[in-house]
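Here chain A shows up in two complexes: once beside chain B, once beside chain C.
Coming up: the complex of A and B.
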């Protein structure tokens, strides 16, 4: 028992996995439709959209910061890229659009990183500011209308399938190709965090930036890198989000950042920084998505979903905080 | 030899590893360092001595590139700098074991030991793959040298889960992991027990043989003289002595450091009374210790010592209610008492000054006043309001009594030097007027002058009828202050000595004997 607890407390994502198993078992007893292919694919679609953002959030949390501007960056990059493509190069390939969107995202992220480093202001304050700044700029200078008529490459990439089949009752189910974007980004982020000196420097700065500086780590480089990369990932996430929904809406996403941050924290990343894993963050996202899906399935009103997620966070943070006191 | 970009007026001696010229540093009116110049040669051991707050750590941080000086030059192998960057210092072969350890609490032991060697290897560039195999190999080698385990579980353990003495060894392992030309150790022995200290002394002499210089800080002059080498003494930020240790003895060095004649060989003044104050019978806790029985008389000073795994820490924590005993009996003034938590201990009159002041007690960012009176805050109320004047008066009283060096009790504890922080911790428990006062490593990191003051205070308290227990690794401290000494081994009391005619060597032997197999 003690050994088991030791193992679990060293790998908090086990707790997240345990919660997911419990939830799946519980809900499938109440509602057999839970195990339907449609529900599975719906879960994967939502996980793809939130999961990409979660990877950026994880990076920032690991380095001891917090970023609430990533949704604004995602929407800004999505909407601006879509607008630019329609204006100048409507037949642009999807890859080019991704590059533009990610570059825009990275630039905005670098601005966050620069301000956090230069003015030594808590990143929460900086990113609250830039969230307003980016959203305001987007709506004032780029546009406010929904774009339903998205560029052709975006449309086809959004609907392209990785796997397609019909269920027994004749419903066609499609697993989107863009799911692969999440897989690739997750693998890269995992390698970055665990196999590179930069990755370890991120955790070192998250543990204590004063100590990191004193031991020769460049805290400025780490902060610029972390926020820049988080911005780049947000640009990617925004584009994937828009393609999957086949819509570029300048009022989208902003307001949902806490869902993603909560998911990453549920995956074992401490808000105080210096911890977290890619696997944990993704499990956290799956948990949040499953809670939302299953509550709808078993007929719980959507307002209650927030209550449940809040409750799960409180319980999980209780469990997680116990491990550090060991 | 690289030509120096800003040529200095005096030509550097070819063999100087490091020179400081006119280094000064001021913190808000306090001159921590005042025009300090010195020169370190390769392959030598230097002892940097001085009272608490004399500027030792500040000087070290400047050499290590953790803090810039306000004025002066740092010359490393002929190359002169106005200030060193942390990375520059490391690349110049300067490795530092900081007084506050500077370990990453969230990272593993292996990473804490070896990550900076990788950073150094890549010239500070972060866009590099990490060779985990190499990190582990380097870590294992360094951990072996300091006598820590090297199995996978320990390598992967986050440092925040380790006890303070083990953390100190991890920090030392980091200091010697790289091929350095100068290893700086700021009070590395303050948290270590005899066995680790012996090992560290071996490490230092082998570094010296390899041609590596060591800058060593300790308040235990006994260690300093055993290591030997050169000595540099700071007093109020000014260098007052720079020479060969062999020209001095402990009394002379203490005099240079403090300006006071400290030649006392014993402090014990009173006699224990006949009444038994505290009686412990067959106390046990899990695998930590068992069968512990002893009595403490009114007015007695009892010493308890033992190695890291001897159970003496756990015994102290059990008596203070932090980790209560699981069986056995404790009687105070004749009646059986229960110590289930620290609050029980406090209300019974068992005061406990913990070993690790940073994690077990002080509120670093809060004023000295609040830190001092926090244990008796309920007696300092005026109606429902805190009686601020009374708090200040009480705190100022203790600052005087214990000679805590501070201009004002309004300042945060973090502004004090290490030894002065320790005194705030002692003051806090004296404020509760305990019947029994347990001091755990009371002078770890405390300078000779303040030790003197603290010892005199302990004797005064004992004469007033208090029972005092000192749990310590500092054998001279126990010999000078106690009536009896208990030596613990493997969770039991292995030996009891009457202090009066005990030889230090016998105590050391008892402590270290039959112990080679017990290494982790």
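Coming up: the complex of A and C.
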């Protein structure tokens, strides 16, 4: 029993998986509609949007930081790219728009990384500041109107399907092609964290930046790298989000960052740094999405949702902080 | 006092803002009425900033992200209980007094309990402060939403209670007097009591504090509990000023409260922070906000300015600015 607990606590994503299974079983007993293809695809759609951001959050958490500006970066990159495209190159291919959006995101992320490294202040404080900076700049200088008339390439990429079928009652269900973006980003992040020297450096700095520095890892490079990459991923996530919703809304996303951070923590990444896996982060996202979906499905009033999520964060992070070596 | 470079910088900044504001508004800024209205607005955020400052000083990544939810939950519980108890009561002066006293007592109690819960999570259960107060932020907001169902609870104009937020004494708004009293009280607590000494020592080096025989868990617990009470006081001022209480009131105050603390020279990594610096930063920001309103800036531009100021004050208050190698980064 003790050996089993040791193995489970070394791989916290098993706990997350267990919670998902319990939740699915529980909710499907209460509400058989839970297993409908529509609900499954809806879950995947939401997981795609949140999951991409979660990968960036994971990188920062693994390096011992926290980033609450990624939603602002995502929406800034999305809206600015859309505006620029409509202004100068309405027929731009989607790949070009992604590159612009990711570049904008990476630049904003580098600003976070620079501030955190240079002034040695907690990254929470820095990224709260940049969150306001980016959204304030966006709404003051770029625009405040919703853009419904998005560029053609965004529209077609957002509606392109990977898989499409009709259910027995004639509802057409579409699994979006952009789901693949999540898959590719997840695989790349996983390889980065587990197979490269940079991945080791990220975990080393997250465990203890002083010791990592003495071991010869460059703390500056790691800080700039994780925040820059998190920004790049946020730029990608923002573009995917906008394409799936077929809308560029400057007030979107900001305010949901805590849900994503909570999801990554539920997947076993410690806020104090030095741990976390891609599969755990994605399972955490699925868990949060499922909790939100099933609360609605089994008829829990929406007023209770914050209580439930807040409670889940507290209970789950308590469980994870107690695991061996913590 | 003037030997402290940061305090000197803040005093100069205040003077400059005042000068620019007076010029831009062609003197209208210097109207006593404007100062009165600024002195009414500052305390709500100022008290939240003191709460955040105390948790930051305690070190170990200390911060209280739940202050606004705690403030709102406190006054919502107080408003609901008082309204239920006094539903059929006459509008006599005596009923007004009982309502007011009960309201204040309940709000402070709930706020203190919110702070105590944060303190228990951080000090006893070993949660990272960010995570604990992030969870309780959602929890308190959620409970407040469940209790009210969403819309604001209307307090109405109840005789002595509403003067907490709206009244004045010899022309000085009562919220400002409360803020002044709390500032002096906390300042004395930090500089003259054993608790203050222990808090600073723990914030600069928790291990040394532990080996010096300081009960770090107790100091942490007390710090977060005080933060909760201060949040409730802020809630009492804002709810009596607007005569209502709402679950998601003033969510954007959080950044400004953190900004005031950081601009005031509080070290977010713990161990340092002075009330005088915080108060000067608060006044500077309040004047800046009023100036921006005077010249017709919208909220988005203000958000941008607050974000920029937070980053600038991180850079400017950093003593290692002209050094080539930074301190090892805690994140």
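We adopt the following convention: the second predicted complex is superposed on the first by the 323 of 326 C-alpha atoms of A that agree within 3 Å, B and C clash if a C-alpha of one lies under 4 Å from a C-alpha of the other, contacts with A are read in each partner's own complex, and residues count from 1 in each chain.
By definition in this document, a residue touches a chain if its C-beta (ideal position, glycine included) is under 8 Å from a C-beta of that chain, and two chains touch if they have at least 3 such contacts.
If you're wondering where the values come from, they're calculated on a predicted model, not measured in any experiment.
Following the overlay on chain A, a clash is recorded for the pair chain B and chain C. Shared-chain residue A:129: touches chain C; no touch with chain B.
Contact with neither chain B nor chain C is seen for A:87 once the two complexes are overlaid on the shared chain. In the superposition on chain A, no contact is made by A:168 with either chain B or chain C.
Taking chain A as the reference, the larger set of touched residues comes from C, when chain B and chain C are compared. Residue contacts after overlaying the shared chain place A:115 against chain C, while chain B stays out of touching range. When the shared chain is aligned, no partner comes close enough to touch A:148: not chain B, not chain C. Look at A:311: by the touch rule set out above, it reaches chain C but stays clear of chain B. Once the two complexes are laid over each other on the shared chain, residue contacts for A:29 go to neither chain B nor chain C. When the two structures are aligned on the shared chain, A:213 is found in touch with chain B and with chain C. None of the stretches 134-142, 206-214, 260-268 or 314-322 of chain C clash with chain B in the superposition except 206-214.
Judged by the document's definition of touching, chain A residues 213, 273 lie at the interface with chain B and also at the interface with chain C.
Interface residues of chain A, counted against chain C in their complex, comprise 63-66, 115-126, 128-137, 139-140, 144, 209-210, 213, 219, 223, 258, 261-262, 265, 271-273, 301, 303-311, 313-314, 317-318, 321. Those residues of chain A that touch chain B in the complex are listed here as 10, 195-201, 203-204, 206-208, 211-218, 221-222, 225, 273-275, 324, 326.
In the complex of the two chains, the chain B residues touching chain A come out as 64-66, 85-87, 89-91, 98, 102-107, 111, 115-116, 118-120, 122, 124-130, 132, 156, 160-161.
Contact residues of chain C toward chain A in the complex are 61, 63, 121, 125-128, 130-132, 134-143, 145-146, 149-150, 254-255, 258-259, 262, 268-269, 298, 300-308, 310-311, 314-315, 318, 320, 326-331.
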